[in-house]
Amino acid sequence: MPTDYRRARLFLDRLFQGRSLDELGHRLKPKHHAPSGKVLRAFRSTLDGLEQRWQLLATRPESRAALADPETLRQMPSYQCSVENFIGTVKLPVGLAGPLRVNGLFAQGDFFVPLATTEAALVVSYNRGAQLITEAGGCTALLLNEGMTRAPGFAFANLREAGRFLVWALSQLEEFRQQAEATTRHGKLIDMRIMVEGNHVYLNFEFTTGDACGQNMVTFATEAICRYIDAHAPVRPQYSFVEANLSGDKKASAQSFLSVRGKKVTAEVILPPDLVGSCLHTTPEQMANYWRMSAIGGVLSGTLGVHGHYANGLAALYVACGQDAACVAESAVGVTRLEVTSEGDLYAAVTLPNLMVGTVGGGTGLPSQQACLDILGLTGPGKAAALAEVCAGLCLAGELSIIGSLCAGDFAHAHRCLARAKPARQPPPEAACLLTV
Amino acid sequence: MPTDYRRARLFLDRLFQGRSLDELGHRLKPKHHAPSGKVLRAFRSTLDGLEQRWQLLATRPESRAALADPETLRQMPSYQCSVENFIGTVKLPVGLAGPLRVNGLFAQGDFFVPLATTEAALVVSYNRGAQLITEAGGCTALLLNEGMTRAPGFAFANLREAGRFLVWALSQLEEFRQQAEATTRHGKLIDMRIMVEGNHVYLNFEFTTGDACGQNMVTFATEAICRYIDAHAPVRPQYSFVEANLSGDKKASAQSFLSVRGKKVTAEVILPPDLVGSCLHTTPEQMANYWRMSAIGGVLSGTLGVHGHYANGLAALYVACGQDAACVAESAVGVTRLEVTSEGDLYAAVTLPNLMVGTVGGGTGLPSQQACLDILGLTGPGKAAALAEVCAGLCLAGELSIIGSLCAGDFAHAHRCLARAKPARQPPPEAACLLTV
Amino acid sequence: MPTDYRRARLFLDRLFQGRSLDELGHRLKPKHHAPSGKVLRAFRSTLDGLEQRWQLLATRPESRAALADPETLRQMPSYQCSVENFIGTVKLPVGLAGPLRVNGLFAQGDFFVPLATTEAALVVSYNRGAQLITEAGGCTALLLNEGMTRAPGFAFANLREAGRFLVWALSQLEEFRQQAEATTRHGKLIDMRIMVEGNHVYLNFEFTTGDACGQNMVTFATEAICRYIDAHAPVRPQYSFVEANLSGDKKASAQSFLSVRGKKVTAEVILPPDLVGSCLHTTPEQMANYWRMSAIGGVLSGTLGVHGHYANGLAALYVACGQDAACVAESAVGVTRLEVTSEGDLYAAVTLPNLMVGTVGGGTGLPSQQACLDILGLTGPGKAAALAEVCAGLCLAGELSIIGSLCAGDFAHAHRCLARAKPARQPPPEAACLLTV
Amino acid sequence: MPTDYRRARLFLDRLFQGRSLDELGHRLKPKHHAPSGKVLRAFRSTLDGLEQRWQLLATRPESRAALADPETLRQMPSYQCSVENFIGTVKLPVGLAGPLRVNGLFAQGDFFVPLATTEAALVVSYNRGAQLITEAGGCTALLLNEGMTRAPGFAFANLREAGRFLVWALSQLEEFRQQAEATTRHGKLIDMRIMVEGNHVYLNFEFTTGDACGQNMVTFATEAICRYIDAHAPVRPQYSFVEANLSGDKKASAQSFLSVRGKKVTAEVILPPDLVGSCLHTTPEQMANYWRMSAIGGVLSGTLGVHGHYANGLAALYVACGQDAACVAESAVGVTRLEVTSEGDLYAAVTLPNLMVGTVGGGTGLPSQQACLDILGLTGPGKAAALAEVCAGLCLAGELSIIGSLCAGDFAHAHRCLARAKPARQPPPEAACLLTV
């Protein structure tokens, strides 16, 4: 039900539409007939299994063709460890933006960025921002910290037992490290943080994970620590869980914001006013005005951090490059800041504390995802830090371009001319769009 | 730099690795040489343009083949209005989960849910949860509210002028509605909320958008209102923006949580203890213990709402079904609640205030995305409310299955047996995994 | 235990200090001997009761004299309905700041503000800010909204029953109003907002409360509604509570921030640069620099809203004027904004959504508290809105003065010269302090 | 203006009440006539100065008498360093609650707690909770961490310079410590945390402050560090501030919640069901039901942490005992948890990360405040940790008592019978109130 009772009443009227309360009540009831069929769990992807699953479905023939096309069937084995109950692939269009010049500790040079999206105008907007940054000499980017976390929780009979446990745990860090690092070649235990809430103790273990994003890695390592605790702790918890929802996994949290989760990166660029004028059709002052009002807008609406739309660039890059799209939920937080320098230039910076990226593991090895990393020149070991710096640069590009549109008044126009052109009809004329560099 | 100075020093040591401060400083400097090439903006997808873009890239030949395969090139026109600077498609494997029985106001029956992901174990886990819910008679799901927002901001010389403007604006709602609704067949202006911060005024316009998610629709409608304001307001703002970052677009916010953005849905199921035992290998009491500790874990880590991992299911369904993956950032908030009823059953509910889904517009018309909606039986007009209820049911399924794993102690095991099996090698034996229904 | 394990170990070392774990464990154990005496509940304040309570205490004689002085004993009856188990009064020194010129919808003119505090430098700092504002022609202040809330919660067997209840409740608003308003002469039910979370329903009732703060008033009114619901609802909740912790009572919340609790007020002033120079020894530009960095500082540390130290002024005024000091917890949120106008002036505004003030009821009728309201000229009915506007002006004065100090570099100095002067010694020479107007 | 346009219109109607827009506009305008007088800054409290200030005021004679009574004038010198522009004292009634048995690391034994408040029913409610805890053997309380923070901010030309500065700062910790500790006998620098946001660097210095709350102490110490940085840093900031609003000073923040500010304490008690029945007239199950619904209520309303009303007890104790009442804004955050144990008892715990208490310095030396600390037996050096543990125990007592009232249905009743009894009339009969132990 909606917040306000007047809204609620209007909403109810729409809901009912001639249906009685009993009728609606019946719809909501549990129904205990047997389902007509169910998906059998299948870890291996076989043609037989795929056939069985499609048999369950009452789809149009073209739907099966669109997902389980011949090329997909040929590549079926490569998807084996990324998905179960396989029925095909979904295809997302990829657009190219760039070059994006990044002067990072790790990322160096001009990057072409593949973006998978179905939102019209997104790619041209990031492309504009990237080229603007490049024109200004590139953005400076700095990996500030890294660490993947897993946070088991332990419940004790009372505070005395929790305290005894903690005193012991604080003496066992070396053992914890050995147990954890026996499960992984790349993961290193680098920190343990402690949260006590009554008789509950959360241990937040922090790891570096090499060039993988590392969520599974830290799960396995933490599980090993938990087994060791089970076997050796002088006080037994009443119950415990390998993850007690304190790590911030898959959701935006103030915690990652105040420390780090995954990789923390900041990126900045300084733009002379003529470049702001020629590329964005506005002025540094107006950009700073927008920033001020939008920062307060973010604060007033209760977001974590203040920024515009990091999620757009991150989701497009994560999906293209085999990163976990679910992590957009936690990654899309941070701080954007724009101001006019005493020289009259526009200073712009983004800071993201929670980038969840890797260049090995996860979906990075799938054929088209690996291809997108190849476009970036960031495949395989040794590249994750650079990928994080590129992400920050990309977010900076996106913020500049969209704020430019909002200041120049062509935000709605850009979306209209692109999103509303129907495929069947003429595509929009190039000149119609103001998102020009 | 990391939070703690000790951590910061360790991190610095890793950064430097024999590189001098000057050397690092040089890497960070802007560099003003011309780039070797750049992506020309291309709204139309043509083979020539695609060829030009690939020429810019120094990729391996198999990368181009993986993205710009023959089937993709054939379907190029269908991607015309979803992406610019087209270079091909990325393919994400889709697994099937279900049936998920939903007893909703709008969604009725057993749904098979296509999930696009590269995270091993995700599909089997949701499949388990879905079948568990179905076994219990299905989940009850209730669309509680809907409304898409766009929030222009207006800056005045002072509070007096802001006040005068507001008095006028409050008298113009009918005009605003006419202006807005002239731009759209499906959008209806249903609310206007007002936020004053000093001499800044934000007007938060709320619309229903038919069966589209409607972000562009509300942008165009709000732009029309802004033009009307420009022409008729008795007090001119010093500057204004069609969106001043108060709408919560693409980021988690307390505001959507306290009202609605997109669609707000709640879903519940009641599970008898024997079903919890046979499917999840644990007890209602232990599930409730987990919930209590994890709810506090969420509170302590500073998340908005308390839940486990809505983002996993939402991202997989959004990507599969042509929804905006960037919206996972705002959608993955809500409240999960588990408790033991006085009869000893497990009560479980999820409430999500910010589902951004539609069954028309956006990426819903692309071939493989339309196929996924077809699997759900939710293509085209009249289906968006049902899709939102299915999303809530899916999140409920995911919470139950993962909490079950954490309680039964097989969370890490499930991920290990699936994610670590290498494609080249033998896939994991079915029996090895405890995620059984 | 502290966050970081290294910190935790250091902290443990300090804790133990030669004490064994068993020794500490013993200290923490419940101890079941009878207490030597206990405070008998006493609603009436009598000399006998007071004597009995002092008998329980092993205090120095001067302690009793300091609290239960003859004047306090004489006025004992006036404290009858404000406190139970009376043992005396605590005396807080009151300093005077002003004039603070407020050009409000309700507050008009020059106000002298009594501030009760034990923090040195607080009164001179607010005094400086108030006189600065007055010099600039006063601040504009605008009551934006008002409403006191009470939020009962109802738990149902399932969503179907919750839904039935809601449909009924939405039809009963007129009845609710009658029930509520029968309990009070001044309270009016003006809104009902609805929050559904699974099978839990929260109804957030909003009232105007005349010139009282009105917390008790809305409790009694809501209790009447709950009794009516109990007697008439077609679906019985399994249990319900007259307040289910959704109203934001006594704590900072995003909710009050996004709507209102108590009174919402904004205040602004525009300061020419010479006034900033002569009074604050700094420039509008530097003030705006501070604001920008401090706003981000607030965001990064995870506060609700962004401001400096509203709590200082509010606590001092609340304690002096018989407002509820506990409400400082919820009142001290909001947004401060400083910027340089295109004319080079300093624009400054504060917006506070949750001022909990009244001029009747609560502690407003106690002798010295009534005296403080008298100093403001705001005693009795018809003055609460003006008091809220004065509060906003006071917060604005405080923000300007402290930011001025931080910019001019005399923040620490001001505190040192005042707080460290020992009473016994010479008080600080007037000239030593830079907090000059 | 209020959130909803319908509410806004109603509100406007109330505002105007026959006044024209111009008339209201005129009220809001700056007005430049000279004020009739102003408060001259006065650090010394003299009778002459006091007389001058009262001359400025147009108060009734009894107001002056109520504030500047003879006893207050006698004690004027003791208020010298706590307030400026002295005009008298405000008197708050103090009630006694207890005994509260605390089994803490530092606090040991039965405490009688003086509470200064003007809210009827507060003292009896805390008294009931305290005696309930005592009956159960007392609460276990544990100081978990301590640390006072001050966070200077430094703005650099760009990230390169910020990075250089940081590398230097990380090598200077020993110097920083020496500089800081030269300013104080009791303060010790124990941590430095680093926050980088673009070219802005915040250094968050954390200190222990002996038995003082220590806000001034850390300001002076940090100022010494800043002077050292000014003189020695190899890169000069463009500007810097001794506090850049990252410390969480005087406002609730997620940061203190995730680490510590002041003192972090947890307290617990286990109550057998018969005690819950006899004292609170309810059951452990119903208390746990309330907790679950109220915890979600807190989450839904967007509070930091989840609790009921810590502010009530803290404000009453802070005001009585010479603590800074403004710090209630930051102190009143934390987590309350209630659950039924497997033995059927009620487990209850509170955790507060941000208690700002001291037993020396601030207002602790004022006559009546010192008396209140004397009642607690916690005056002077060596007692601050115990005071923090008592605060946690007090908050636990308050939560139990009020939740008990809400469960037993006598919450409104208790307030009515106390707050509405008029002093002039008969006080409420003891038997009328259900808040019985």
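Note that the chains take the letters A, B, C and D in the order they are written out, and that residue 1 is the start of every chain.
In this text, contacts are C-beta pairs under 8 Å (C-beta built on N, C-alpha and C of every residue); 3 or more make two chains touch, one makes a residue touch a chain.
Remember, it's a predicted structure, so these values are computed and weren't measured experimentally.
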| item | value |
| --- | --- |
| Neighbouring chains shared between chain A and chain C, ordered by label | B, D |
| Same or different residue numbers at the chain B/chain D copy interface, by half rule | same |
| Superposing rotation of chain A relative to chain B, computed on C-alpha atoms, to nearest 5° | 180 |
| Distance from chain B to chain A - Cα centre to Cα centre, in angstrom | 10 |
| CA centroid of chain B to CA centroid of chain D, Å | 39 |
| Whole-Å gap separating chain B and chain C, where each centre is the average of the chain's CA atoms | 38 |
| Two or more partner chains touched - positions in chain A | 1-4, 8, 24, 28-29, 140, 142, 144, 159-160, 163, 191, 195-197, 200, 254-255, 257-259, 270, 295-296, 300-302, 304, 306, 335, 337 |
| Chain-level touch network, classified as line, ring, star, complete or other | complete |
| Partner chain A, residues of chain D touching it in the complex | 4, 6, 140, 142, 144, 158-160, 163, 196-200, 254-255, 257-259, 266, 268, 270, 302, 335, 337, 347, 349-351 |
| Chain B to chain D touching residues, read off their complex | 1-5, 8-9, 12, 21, 24-25, 28-29, 159-160, 163-164, 166-167, 170, 173, 191-196, 254, 257-258, 292, 295-296, 299-302, 304-306, 335, 337, 339 |
